[in-house]
Amino acid sequence: MSFSVAAVRRQFPILSEIIDGQPVHYLDNGASAQTPDAVLDAVRAYETTGRANVLRGVHRLAERATEAYETARIEVATFLGVEPLEVVFTGGCTAAINLVAYSYGSLLKPGDRILLSELEHHSNIVPWQLLRARSGVELDMIPVTVEGRIDLDALPRLLTPRTRLISLAHVSNVTGALLDIRAVVTLAKTIGAKVMLDGAQRAPHGPLDLPALGVDFYAFAGHKAYGPNGVGVLWARPELLEAMPPFHGGGSMIGRVTLAETTFAPPPRRFEAGTPPIGQAIGLGAACKWMRGLDWTAAHAHEMALVQRLMDGLQKIDGTQILGPASLQSRYPVVSFMLDGVHPHDVAQTLDSFGVAVRAGHHCCQPLMDRFDIDGTTRVSMAPYNDNTDIDALLSGVQHAARTLR
Amino acid sequence: MSFSVAAVRRQFPILSEIIDGQPVHYLDNGASAQTPDAVLDAVRAYETTGRANVLRGVHRLAERATEAYETARIEVATFLGVEPLEVVFTGGCTAAINLVAYSYGSLLKPGDRILLSELEHHSNIVPWQLLRARSGVELDMIPVTVEGRIDLDALPRLLTPRTRLISLAHVSNVTGALLDIRAVVTLAKTIGAKVMLDGAQRAPHGPLDLPALGVDFYAFAGHKAYGPNGVGVLWARPELLEAMPPFHGGGSMIGRVTLAETTFAPPPRRFEAGTPPIGQAIGLGAACKWMRGLDWTAAHAHEMALVQRLMDGLQKIDGTQILGPASLQSRYPVVSFMLDGVHPHDVAQTLDSFGVAVRAGHHCCQPLMDRFDIDGTTRVSMAPYNDNTDIDALLSGVQHAARTLR
Amino acid sequence: MSDQLYQDRIVALAKAKTGAGKLAAPTKSARRDNPLCGDRVIIDVRLDDTGHIAEIAHQVRGCLLCQASAAALSSVAVGRDKAGIEAIRHDAERALGREDGEAGEPYAAFAPVKAHKSRQECVLLPLEALQDALS
Amino acid sequence: MSDQLYQDRIVALAKAKTGAGKLAAPTKSARRDNPLCGDRVIIDVRLDDTGHIAEIAHQVRGCLLCQASAAALSSVAVGRDKAGIEAIRHDAERALGREDGEAGEPYAAFAPVKAHKSRQECVLLPLEALQDALS
């Protein structure tokens, strides 16, 4: 295993496109990452040489498709350090969290409590609010520090004997802060609460060892992890999956259907109603395999060097302020900033005219914006294929915005 | 517009593959259809020249992606004869039916009744059984005639003043029978019940005019309609969508999120939580456009000529029996049959060795199998790209099975 | 650097801040939010007896396009009634390429936004708020 | 026509129907369903005092592979105990390529199923039912 930015970049066709006369400086990976040839080829092979429905067919295309689909499950499981039958393919990260909120959530009682944080993505807030409305569970919110981290000092007083589940972002999609999982799991164990991680922003940065983390549920999205859209993953401890009732009903998740009553298949099939996103799961399997082929020690160091270059550059521009940890410790390559007197959308739009793609706004984290009393930030989110020219193009653009728009 | 089988076949790369030394006689379209270059190219263009998240980005890739995604919605709407904002992208047909069962279903009261039929796919049974368990609605089942049609004569006595919804397959995925929608809608109107059609098996056979059908909900799957996996469509009358509460919670479906409470976006966004299946929706848009480019009068006549050839050929083989309408009237190109003394899986497996892909088993219709007291059927399901050589290869295979396996 | 959205005229409109603030005694007020991008506009108007705008003010929490549009609107709204504002709306829609025809001043300044669909709502938001207030 | 799954020996086993039927007074019975394909097997056994199989019968509602496997099993089960059936199971797994090593008779006949993953459960179902009955 080795790491060369140039070699990585060559595997992503979009990075050598010229779009509207400009190269692509893609720094919006937190929203959706780009996808390498390995994934495109795997999906195309399915579509053009093995396309069929899975599980129920005896013909060779169906056998090929089923084999490719189940191999993808193995790839994802290996990436997470878990067993294949503990991996449920869903329509996305949001769909995975909703699965837990509906299915595991239906096992909770009125008065049971779920603990979230103020920096959660709407996808890790709204499903629980909907559950609250359905079933009378209560929600508690861990506050966020000035540095943009979940304030774990507040955890002991927020945990109650009725707290059943703690669901938190593994890495914040706004501040880049990495959660101290060990602290959370240790406290959760003292009261028997389950821990779920929203791994949307962590999974794109290399393999995981979920059993070592000691968590109970893990969710992430394909499209942010170099895979296709329309697919995501829920991992859960097997005894939890076993205990959970179905969510969506339909084909493939059943044991036996009669008009009077129906029995259900064991996990993971119980949670994969209907035709799954076959090509997308195959693509995600290829993405996980691709990620496992990178030297992540080097790749992460590279990503964090870009973060440093970015922070240094921003500091030299008058009136910039970073929302998030100032150091590189316990942090992933997502950097949010404000430029005094210039609205984030205007920063992002100016950057676009420099060929730089970033995201501006609330990033589906309105409660976090409220916490800091801001409308939004400009967010730079990096992947291993980003390089110094991307950061430098971005810095030029921010300078230009600072000079012309205020 | 014109129709030439050869010209259509050339657009589907998989049809000219040689797999394990044999051509592909793909007659399993009811499970998953194949996909044309137009779809593959549209998805690839997104993946390699415009990949980004939709709705919230100001950079040019995000603008491209958003534009392509919303254009796909227009394509689907045009295909269905409806307005774009009435089209909700889902993860599949099953997901679309579950959306209605959870969201519209939550508006129903204990004792309200939902009317299904014995020939429904599990995806149009189990979601309602799960709703029954959650909320105390009651289910009624329309029986099926010996010909494999929903017995509409039974409808008047099954309708009650508490019947709120009638959800039926537009075309049966086992017998190919086309529903007499006008009869259903007319009766439903007399008691104010809504009508939902499961269009999974109808959508792959050409454009629709849903307002003319007079139904209230329509669901179909991308992968059976020449599009990608992992995407489906729910159409509903705008006033119904407007009245329906959210199903999945997450990004993009919100108005404003605070820790205390959250408001929701208008439809269709209210029902598209999280990052949607962007590339897949774009592919489905291309598939709908591709379908609109065919002359369906000719294509349907071609498909039905294949049905006739198939039925004639099967009749010449001793001990075959067709499950479904014997005539070509009110019927789509799905044909199920039994071969006396040979299990359907053995028929299908034998066909596979002739390069012919069909499906065998219960086709996710166990209640229908129970109705006829059989374990399963062998199902031949056709698309416009099938031709006489496909049917003839199939008939040779069935003959071989009849000769050797009993 | 490619196509320039923030051309001098738009930036100048925004910086002029024409009409920024509140009215002491508005006849009508309306607020509009764009949930997608978070922009928010509050428009105050004082109407005379015939329903024509005598005074206007705006508070914008939003981007430069939204600010520029609010300022442009304030610079031409006084003396107009509902129909007169409708005419300005058409100018805006034309500038954005959503309607055919040539946009009148000052909304002609927003022609560069034509190529940026995702930003067009920013320009329209102040107009929508004012139309709400008048309706 | 390509690779032949239904080779003569498999077809012959199925047609032989060895052990098809019910026992009048079974010591144990077990039923197994494969929800994916709908195959169903009921196995009856009569055990002697030492736990060895004295008599066996099967009802199969399923495909030819399942019937052939049930017949193969019935042809060699008598006189075996739990461990003896375990040994046959290993033969079956070997024939299907799921375990290393050479499969003993009669399960060696199922070698053609190696290439057809989706059908392997059909072969194993009767064995699973019998193992359930003995456990």
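In this document, chain identifiers A, B, C and D correspond to the written order of the chains, with residue numbering beginning at 1 in each.
In the analysis below, contacts are C-beta pairs under 8 Å (C-beta built on N, C-alpha and C of every residue); 3 or more make two chains touch, one makes a residue touch a chain.
This structure is a prediction, so every number in the text was calculated from the model and none was measured.
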Intersection of the contact lists for subunit B and subunit D: A
Reference subunit B; chain at largest CA-centroid distance: C
Centroid spacing, where centroids are CA-atom means, of subunit A and subunit B in whole angstrom: 31
Whole-Å gap between the CA centroids of subunit A and subunit C: 38
Rounded Å distance between subunit A and subunit D, as computed from the means of their C-alpha atoms: 46
Centre distance in Å when subunit C and subunit D are each reduced to the mean of their C-alpha atoms: 79
Sequence positions of subunit D contacting 2 or more other chains: 37, 116, 119
Residues within subunit A bordering two or more other chains: 20, 56-58, 62, 254, 256, 345, 349, 361
Subunit B-facing residues of subunit A, complex: 13-14, 17, 19-20, 24, 26, 28, 31-32, 34-35, 40, 44, 47-49, 51-53, 56-62, 91-95, 97-98, 101, 118, 121-123, 125-130, 139, 141, 221, 223, 228-231, 246, 248-254, 256-259, 261-262, 273-280, 345, 348-349, 351-352, 356-361, 364, 366-367, 370
Touching residues (chain side subunit B, partner subunit D) in the complex: 20-22, 342-346, 349-350, 353-355, 361-362, 366, 369, 375-376, 400, 404-405
Subunit D-touching residues of subunit A, taken from the complex the two chains share: 55-58, 62-63, 66-67, 254-256, 265
Of all residues in subunit C, those that touch subunit A in their complex: 1-6, 11, 37-38, 61-65, 116, 119, 122
Touch list for subunit C against partner subunit B, complex: 33, 35-37, 116-119
